Amino acid sequence: MIPDLEGVLYVLPTPFREDRQIDLRGLDSVVEFALRSKVQGLVILGITGEAHKLSDREKVEVVDRVVSRVGRRVPVIAGTGNLSTDVTVSFCKEIERIGVDAAMVLPPKLAKPDDEALVSYYKELSQKVGLPIVVQDEPVTSGIFMGPLLIAKIREQVDAARYLKLEDPPTTTKASKLRSLLGDKIKIFGGLSALYFLEELESGTDGIMTGFAYPEVLVRIYELFVKGQVDEAAAVYYRCLPLIRYEAQPLLGLAIRKQILHRRGIIENPLVRPPGANIDELTKKQLSRLIERLNQTQSDFKF
Amino acid sequence: MIPDLEGVLYVLPTPFREDRQIDLRGLDSVVEFALRSKVQGLVILGITGEAHKLSDREKVEVVDRVVSRVGRRVPVIAGTGNLSTDVTVSFCKEIERIGVDAAMVLPPKLAKPDDEALVSYYKELSQKVGLPIVVQDEPVTSGIFMGPLLIAKIREQVDAARYLKLEDPPTTTKASKLRSLLGDKIKIFGGLSALYFLEELESGTDGIMTGFAYPEVLVRIYELFVKGQVDEAAAVYYRCLPLIRYEAQPLLGLAIRKQILHRRGIIENPLVRPPGANIDELTKKQLSRLIERLNQTQSDFKF
Amino acid sequence: MIPDLEGVLYVLPTPFREDRQIDLRGLDSVVEFALRSKVQGLVILGITGEAHKLSDREKVEVVDRVVSRVGRRVPVIAGTGNLSTDVTVSFCKEIERIGVDAAMVLPPKLAKPDDEALVSYYKELSQKVGLPIVVQDEPVTSGIFMGPLLIAKIREQVDAARYLKLEDPPTTTKASKLRSLLGDKIKIFGGLSALYFLEELESGTDGIMTGFAYPEVLVRIYELFVKGQVDEAAAVYYRCLPLIRYEAQPLLGLAIRKQILHRRGIIENPLVRPPGANIDELTKKQLSRLIERLNQTQSDFKF
Amino acid sequence: MIPDLEGVLYVLPTPFREDRQIDLRGLDSVVEFALRSKVQGLVILGITGEAHKLSDREKVEVVDRVVSRVGRRVPVIAGTGNLSTDVTVSFCKEIERIGVDAAMVLPPKLAKPDDEALVSYYKELSQKVGLPIVVQDEPVTSGIFMGPLLIAKIREQVDAARYLKLEDPPTTTKASKLRSLLGDKIKIFGGLSALYFLEELESGTDGIMTGFAYPEVLVRIYELFVKGQVDEAAAVYYRCLPLIRYEAQPLLGLAIRKQILHRRGIIENPLVRPPGANIDELTKKQLSRLIERLNQTQSDFKF
């Protein structure tokens, strides 16, 4: 029995080889890197994992490899995309069998936002699948806006929907509203590339699901925060913000993140699958300068 | 060698059984129905085919079944979705091997419309795959607007991109601009549920790809038109418009279409895979009344 | 005291002169034309009225001219756009003073759909302004989707919000759901260029707000329908549908509508204010052919 | 003759009184505050200025007051919204007469992005109005994506279009592409709440148009950068980033900015006109804590 989700759940990128096929050994390497960083769980097949650029077969390959590599050391959560109910159900059954611990489920691309249809979707899923569900509140990708009342309704009617990945800004006020509606009946995780990590924790979130290329820092911030050393957590966080923010650039972010992981020796090739922006010379230089400058600060941590 | 595409290319729905699995015999039945109606080709895995609600495996199943049933009597075109370059390439290779005659390719969901990236996408596809390409200009689904100059650029740089499915209204003026830019170097097919079929033909299109539940009428309109009997074509078309328009209702359209095919005895179950609107009692009644009234008109054709 | 709104409320275009300034005499002419056609009310400053391309001063000019020309022969409804609460309130006060009978209010462009904020908006408006309110459910323009439950909530909490302009398809099923939620506590008007006029009436709407260039036909259909002669209403409607549908073309529709009004001698200049598509030669020809063909049908009505 | 635009052009908020009317004395106060901060110009009627929530009359009031208060000490740029060509032309003529130095022009909400229509729009404007034009590349508000080639085309065909406000991320790579296409024929200003200010300058921008509540810091960063003291500029920038980022929160940002200006004694009332999020208690507390922590750092500058 896997303990309840909380803390830093690291969103894994999918490494590719020069021929643009999945680099399975690179995937092992990212898993080990994340576990060495002491993250409390792993998230695969998210947007950062380029799940929308993988075939069904490739998705299962990623799940298989990661679950077997992790060997139950931490929980593994997998994204399911927003397909039809039937396809999501059968994908969930498959990953449950492989050993995934929770399914992260984007609301389906209905032609039209419709509260009842959304509740039914999650309800049917929970009736047919045994996995706990992370409701993914990410309107940019899903095109679906879910207000706090709707999320509360889903939580109340769908027992399995115990977790929320909250990426609908402003996340601080939304987390706080959800907490006042649902108390501790829901676990809330931030995201948004960690741009508001500390403030989200102050607003009552239970952790974060994100893929910042220095997960060890996120873990440190989280640990200081839960020990009540909030100012110390803030000091570490503020020091990282120039880099967190640079990595959070729309469109370019994933290429920057993979570039850093490549420089750190975690993945062999920083390639992003096309169509999708790869790193350019200007960005490489800016990234190097930024890291150099950050490392000139007195600190026990070097980027 | 399949002759060049033109005329009425019928967009097939995917029939489902009560348990929401694909009804393969229903698929055979729809194929035979379309061929009896004398359509000049078949289009599978379009939006009407609920392709976005099928798993990769199910998509291949549909392709397999339809290609083998058709037995080269007419060309078969298959939609590929808008995945990553690599997934689209490998899907295209698979359907080429099975015997599909052309790939209908939606522009990829780039985070941002970018002319160069779009041209490269189609170019790389054509370099790696042997199939002719139908560029699918459907901005509502793809989120990508392609102006006439961009479409001309794709046509000029990508030899395989010989066809265009045009669903960006107003289609009449766009078809006419494309014709003046590209002459007969491109074959243009309308869509939009046949709402502007006659006017599109008058504007220079080469046919239509749509799934109106009475394909035999579309064939008759097309044949009259190409024989120069435009007023006769118009008379048939105008008579059908109340029904064409009713079937074209946003969100409800597919449920209505499947309902008609069900009443006509072509498919056993009119089910639309959830999430997706199924037929309600009000709509059933309105549809019946509409058909009754149309059938009171003096005509050699009954709905 | 103006009687309650119902029937065909004609949405007026704003005619412009060659120099692109408002043609006030043309506006008089459109008003008289509509009244001759026996419409039950007039709607100004809608999207068809190009309200979003008028300055505040021009909007007041239009209201002034139309209200004074109508001289209380029928009710006049004016659109208010979706500005801030304060600007909408002061605009409503101004048009109330001039003599408008109801304000048609699009939900405000909130950064995010939020039920409470929407209800508050209409509530504050009704507290500060005396006019009845037509809630405008037109998600394409407003960017705001309002489900039946939200509309019912607005109706229940805002006494002045007695009317709904429904342009969120499928309008038939939505009208029917609203009727079952609200009974006759709300008056519902269709729109959508009359593309589903008959079916909307069959679903329980109280009339339509639209600007089809032959309002006399809409009036005839409505009158036949309310007298219970539904098949006769249908016959007239079906005969007009080829033209209604042609005029409903996205982007081109207003240019076609103004072109017909120009041909009918109602407005001197068919100009649409830029940016906005004006009529082209192809469309002019198609329109002429279409009208010729329709007029070959045996009927007491000629287009 | 006003010197060419460059450096920090401060985007002014519009202060409101408790009764939600414009606080004209507050506007004077914001102007003087910005000038004391040594900004090189002022931008009014931007999104930060809540221009879309002002009536035409109120907009002119703001322009009048600011221009007269500034007394030509620095250039004043005014936003024009994205109305019809005619309304924009007459608004531009009015603000030119009042003494504004440049018009910031969002591309018009065409129903459809269309290169030719966009170039024509700016061309016609420049033919009818004498003001230099700042093309505003802000796709979230305008709904219009303009690629580098289109911007280059506008620059080449429209002499007055000498400036670009660039808010289409990633701004660094876009600025760099534009520089390589257009050399120094265009002045490029960043925005995006200063989230990428330093990197934009490194990519070749000429300054920034933004409304961060501590403009004196932006000026200092800019001055250090142009003197070649880039590492010093970076040190100041990185120190401010926690606050810049917090103020950049979607939806909440303007309320936070006005709250800071209120705390600094610049405006009496931090009110944001409804509909629009106002500050809540959670955010007030987080803001206080954030500023306290930043002020614990050794520095010659206190927030």
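We call the chains A, B, C and D, going by the order they appear; numbering starts again at 1 in every chain.
Going forward, a contact is a pair of C-beta atoms (placed from the backbone, for glycine too) under 8 Å apart; a residue touches a chain by one contact, two chains touch by 3 or more.
In this text the structure is predicted, and so the values were computed from the model without any measurement.
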Shortest walk length in steps over touching chains, subunit B through to subunit D: 1
Of A-C and A-D, pair with higher C-beta contact tally: A-D
Based only on mean CA positions, could you tell me how far subunit A sits from subunit B in angstrom? 37
So, what's the distance in Å between the C-alpha centres of subunit D and subunit A? 33
If you average the Cα atoms of subunit A and of subunit C to get two centres, how far apart are those centres in Å? 47
Going through subunit D residue by residue, note those that touch at least 2 other chains and give them in order. 112, 250-251, 277
For a test of understanding, state which residues of subunit C touch subunit B in their complex under the given definition. 169-170, 172-173, 176, 195-196, 199, 202-203, 231, 234-235, 237-238, 241-242, 245-246, 249-252, 277, 280, 282-283, 286, 289, 293-294
Contacting residues of subunit A [partner subunit C, same complex]: 112-115, 145, 147, 149
State the interface residues of subunit D toward subunit C in the complex, per the touch definition above. 20-21, 50, 52-58, 83-87, 90-91, 108-112, 117, 120-121, 124, 250-251, 273-277
